[in-house]
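Order of writing sets the labels: A, B, C, D and E. Residues in every chain begin at 1.
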Amino acid sequence: MNTFISTLITGTANGAIFALAALGLVIVWRGAGVVNFAQMGQAMFTTYIASNLIASGNSYWLAFIVALISGSLLGMIIDLLIMRPLAHKKSSSATKTLAGTIPVIASLGILAILQALAGIFWAGEERGFPTPVNSFYFKNGDGTLPFSAFNLFVIGVVLIVLLSLTYFFTQTGAGLGMRAAALNPEVARLSGIKVSRMRTLSWAISGAAGSLAGLLITPSTNLSPNTLDLILIIAFTAAVVGGLDSPLGAVIGGLILGIGIALVTTYGSPENVFLAILFVLLAVQLIRPNGILGGKQVRRG
Amino acid sequence: MDKYKNIWRKNLIKTLTLGVFLFLLSFTFEPYNQGQLALVLMLFIGVLSLTVLTGASGQISLGQGALMAVGGYSSASLITHLGASIWIGFLVAFFATAIFGLILGTAAARVSGPYLAGTTLVIALALPSVANRFESVLGGDVGLIVDFGTPPTWISNLIEVGYEQWQLWVVLPVALTALFFISNLMATRAGRSWQAVRDDEIGAAVSGIPVARTKVIVFVVSSAIAGLGGALYGLRGLVGPSVYPVSLSLTLLTAAILGGVGSISGAFIGTLIVVFLPDLIDWAISGLAVSEQLSNYLPALLTGFLLLATIIINPAGVMGAGHRKKH
Amino acid sequence: MSELLKVEGLSVTFGGLKALNDVYIDLHKNEVLGLIGPNGAGKTTLFNAISGLVPPSSGKFSLDGKNSDWPKTHQLAKLGIARTLQGVGLFSGLTALENVMVGAEAHASNGFFADLFGTSGKSEAKLKARAHKALAWAGATAFAEKLPSQLTYPDSKRVALARALVLEPKILLLDEPAAGLGHDEIEKLANLISQLKEFYSIIVVEHNVEFVNKISDRVYVLNFGEVIASGPFEKVRQDPAVLAAYLGTSIAADAKLGTGN
Amino acid sequence: QAIPVRSEVGVSATEIVLGMQLPQTGPASPGYNKIDDAMRAYFDFVNSKGGVNGRKIKLVVKDDTYKAGLTISTASTLINKDKVFAMVGSVGTQTHISIIKDINRRGIPDLFVNSGYSGFYIDPKKYPTSFAALGTYVVESKIEAEYLKANYAKELAAGKVGVLYQTDDFGRNVLAGFKQQGVTFPPANTQKFVAGSQALGLTRQVQALQAAGVTLVVIAAVANATAITIGTAAKLGFAPKWLVTSVGSDATTFKTILASQGTSGAVASALLTGVISASHAPSPGEDTDEFVIAFKKINDDFNVGPDKTWDNNVLQGMNIGYLTTAALQGAGKDLTRKGLIAFMEGKGATLSSAALSPLSYSSKTHEAYNSFWIGAYDANSVLKPIGGTRVLYTTDSAAGPITVSTYKRPAIAADALPKVG
Amino acid sequence: MKNLMVSDLVTDYGHVRALDGVSFIANSGEITTVIGANGAGKSTLLRTISGLEKAKSGTISWGDLLITNLAPEEIVRLGVAHVPEGHAVIPTFSVLENIEMGALFRKRKNSTDVKVAISEVLDLFPRLAERVKQSAGSLSGGERQMLAISRALVSRPELLLLDEPSLGLAPLVVEQIIQSINQLCRSTGLTVLLVEQNANTALAVADHGVLLALGKVVSDQPAAKMRADSALRTAYLGY
């Protein structure tokens, strides 16, 4: 099979996975105004829960559902215990500087805690994680097409998440309310929007989306407290490249990264992958500082 | 108004007092704590660079460790390949990182907040690739082995100096110099214009501040300082990718937050906490029968909790809410 | 009277929207010029064009009778033009005094290296003295050491004014300086502006017609990006076009001028 | 008879303090984090028998999460605060590089380093106190290359042999070893990845090897990347012969990963079956081996670590515990750092262990095992000698020739303690 | 008939007492104006009523309901809309989204009911109607103020809290808004609490006046009477 095409296909399959993780980041950014570095930590945690269920003999789909539920619960807990008290703090002059940074730092703290807890509960051997559908590549004549039913499944999931998110954010009242809650809580509250509830909701949704990403990523990365670190950085880059506030941007960013990595690996050297990512990131920022599909900010005197 | 007349004198006295205090204190220390104090000072320089960037200009970097790496590599390659002295190494680290900061700042001045955080993170990630690309100079993933060397004979003839103590003696003047210059900048027009840009770019621009240039300058200053810290940090034994991982940047950020971002004394206190926390934990659990699994992860767990507690209870850090630099 | 500032044929467009269309404005020495007009007429945009915040699509700019390029924002201060921002726009992390010192950037003689070595004490002291003077002008001496968040609204507007004054500019652009101020405060502001007129030339954008009437020598009325009338306020306020577009029924206008009752 | 009281650091009349560092947590920790527990288990066993010359062995372990910056701090803690007598069994090449100079300058014995990086050992003048615990990557790969030349000459000639390596000292040393023996890989057959980035997938690399039509692939990668590679190849329907360096060929890791990926245990075992690898020791699965039997029992009785499942890492840890005990015995009652190093250089080569290879410590080299045997995994995931009889090949990390070794491992004592001096 | 009744209301900002025992009644269907110098506590009063600030003591009742210290989103749901001081809009939202936001809690976003309400307020501000797709951040100061008012009106409130609605608005628009609001009061029984700097204008349209000074009510009487009381004006408003 043509190398170029097979590279594109592999890149797309990987890119879909990055896109899924990036979508999770976009949800919390849009719904709670937070760049959540703990996202993949949460996903790791819930995937461990699923992994344990499977190991003790339960079906994949039961574990799947439990992981999604615990993902949204974990998201809610993080919001209720940490993010909400932070949001309710009146900003003093010293903290104004960091207004946007504080939740980021909080999420880094949460990540550290989740990884430590996972280590304490489940450390030991690195584990694998099963796929819900066959991940053996399709046969194509006497060769193989580097694409599996599982890849199709992931792409399907990404599309569904993308479409429902886009619909949710742009077409529904709750979506509008959620964005408003993130952008200006006071105005949102005065419009009758239950800001705290909206933020909790967005943490819950993104927690579930993150869990979903975790379930679908770990079959290729394996599971240990830290294996998803790299995915987080890639997903984050994807979201930034695409524009943090745009679900479609996240997907495009994910695909750019997936395909880019595959191309560099094939035609360049794998050693240059991160340099290439850096290059793409800088180029996007020079040309479109808010990402490919990111909203423009209007400056006014 | 007199307060302004002798900025350098005031800061010099402050800096020297701290220096003399630490110098004398170091004689009462065992080698272990001398080494720890040296580490505090190295990281303090790094945290200082973050303080400048985040505290004064409102930009956040999750890749400050990568800037330290630039300093480390530029000095270490000079030292190993050309046999330069460590002091020349510092100078080169300083300027090389400044130039790197200039390039980075030119690109990054256009972006802010999470976008900048992401970019700096990827820079940190790309570091091993760079080291591998230029393996003959940068030593690939093995890195370059360097160290503080031994004190010159005129000192060792005078007094017996342990390796840790010598480390401290080298680091101390460099850290003090950085502290002195940063204190000066923060107390004058430069620091003021950085904060103005941080608070309101349009307001700053109409007041005559070239916003883009100012942001780049902040990057250059911050980078140069970080490079200096990185050069020192490398001299502890090795300059290599695993010496400047992403987690180093996070450590610096943690120290900056614990100490109160934007505050110079806070930067110092935060660094002290970060460096001595593991010792503290060791001491605290030494009598308890803690399972290995728990004790392994305890430092990370506690750092996480400490970070959260700091920003939830008092976002301004341990220096206290409402703390502001005063001239 | 010579023309200190002249803007000719200025047009600004945003996408399809013509925010300013072929606008002519001149400002004479020691003159207070009122700039009025309905919301969205383009008043702030005019300020923004002069201060380099939006690029004009066409138009000429001249200062002191000399044609020049449209200023870049950070060169504004060097050209001797100071402006306040609509609203307050102070730097929240700096004290009132430091805010004003930032406004004096153009007068600062200390370069980066002087700051670095801490030898800029003299220059800093000079800046500080200047800032104190400006604060005194604006009646804001008392809260020099306060942070903006600790100031009342009128006080922060005073500081904002001081930040513009400290430049000792040739031209002062004030965007709605009276908005949100009480009667008393407005009175004081009007007096201050009348005093400032001796030294500076001022353009004021304002919706408080009474205030505009009191302080300005001439007014320009903008509507849909075009100048629809200009001249002394007394004359302009009779203009039916202005009444229809801006002032509303003459009776209501009277009420606002305080001449009713 | 009273033990002479000496002011040697870390040694008292009743105790010897040893230090070790390794990634106990973090991405590089899985697997390795079992070595220290196995070592401690062996020391506890020794202590339960009265210790070495009446001294109990205390092992202080520090977690460096595989970050060299941290290694420097933890080493300082071990040296200056815990005042260890010697370092023993430290894990990791990159991390150890950062402290080796300092440890050596201080004259602290740096025994049984868990790194196959030859740079640490081949020049004792540079690092006089550091001694290896493994065969070097170069030695192993030279022997593997020789095996390929002998058994896969046709494939080599036809350019049907490929390699996948990680771009670090480990990967590069392996390539160097092959090259030393005249085995090079055509560019199209040479695939690499940045160490630690395997989570991004190795599909492209495996596809490229498949496209190049190779029939035998050498993998120089850590265990989980090896598992990912072989798993990916299975998905692609690519089934070459695999030759996996010992670093990446831990059967337990392999099966844990593949099995929990949903690949059934049988399939995982099938994937591993026939994979060629090399070893200097018995396979942990060889349950008739007397050392394996003895160590397994000690592991059951004394290991208190979080995960004491018997595997290669545990065997390795036990072996280091055994060797350490032997070296301490050999250094005598009057235990000094100098004495210990002198013993290692002088008599270290006479020590025996679970390994089937002799040790080669001398004043000229501090390499450990210079002999390997080549095996293939059987259906029970036990590495078995190819052709049934175990042949040991010996060489050095330089240009030396490869010869067949006649070494016979001495039997383990009934009490499972080493007997030296 | 729903009246707004405030009694003995005390609100602090840290150590600053902004409201110091404020009591008054705003009658249903009337415009009550709150006037006073800068810093008198007018905005704080509205913010406390709408729940944005916590009352230290005292009560606020709206009809038969005690709304003291309810969350703002609860209070809005009881028919109380607040247009805060300054141009409170979400800059990155479009004009339409800003308006829609105000109607969210009542009905589904695309219901005809909401559409009607939106077109009603757009009729009131034709400038906004021309700019529904534009981002609110690019609006002029006055347009943003119109938008903030629209957002409040679209929720069809029964009590409208207006904090300096004229700020930054052209006289003609101010006149228009006041007329419309007046009309709403008369026709739908809307109750309005209007904070204004320009006491004259405010008193001219209001039924009732409340004069605040240093957080205390110093006068509470029919607007016409207050307007005529020149002693009061010179004492507290400076003219």
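Rule of thumb we're sticking to: a residue touches a chain if its C-beta (ideal position, glycine included) is under 8 Å from a C-beta of that chain, and two chains touch if they have at least 3 such contacts.
These numbers were taken from a predicted model, which means no experiment stands behind them.
Think of each touching pair as a link: the shortest run of links from chain C to chain E has 1 of them. When every chain is reduced to the mean of its CA atoms, the largest separation from chain C belongs to D. At the far end from chain E, in terms of centres built from Cα atoms, lies D.
Centroid to centroid, with C-alpha atoms defining each point, chain A and chain C lie 47 Å apart.
Measuring from the averaged C-alpha position of chain A to that of chain B gives a distance of 31 Å.
Note: centroid distance chain B to chain C, computed from Cα atoms, is 43 Å. The distance from the centre of chain D to the centre of chain E, each centre being the mean of the chain's C-alpha atoms, comes to 76 Å. Contacts with at least two other chains are made by residues 128-129, 132, 198-199, 202, 206, 293, 296-297, 300, 324 of chain B.
Within chain A, the positions touching two or more other chains are listed as 93, 96-97, 119, 123, 229-230, 271, 273-274, 299-301. Counting partner chains per residue, chain D shows two or more touched chains at residues 25, 33, 167, 194, 196, 306. Within the complex, the chain D residues that touch chain A are 25-27, 29-31, 33, 167, 192-194, 196-197, 199-201, 203-205, 207-208, 211, 224, 227-228, 234-238, 252-253, 256-263, 306-307, 309. Within the complex formed with chain A, the residues of chain B that make contact are 54-55, 58, 60, 107-108, 110-111, 113-115, 117-119, 121-123, 125-126, 128-130, 132-133, 198-199, 201-202, 206, 246, 250, 253, 257, 260-262, 293-294, 296-298, 300-301, 303-308, 311-312, 315-316, 321-324. On chain B, the positions that touch chain C within their shared complex are 1-2, 4-12, 180-181, 183-185, 187-193, 195-196, 198-200, 202-211, 217, 324. Across the interface of their complex, chain B is touched by residues 29, 35, 82, 85-86, 89, 91-98, 100-102, 104-106, 108-113, 115-117, 119-120, 123, 229-230, 233, 236-237, 239-240, 244, 271-275, 277-278, 281-282, 285-286, 289-291, 299-301 of chain A.
Chain E contributes residues 36-39, 85-86, 127, 138-143, 145-146, 164, 166-173, 175-176, 197-201, 204, 237-239 to its touches with chain C in the complex.
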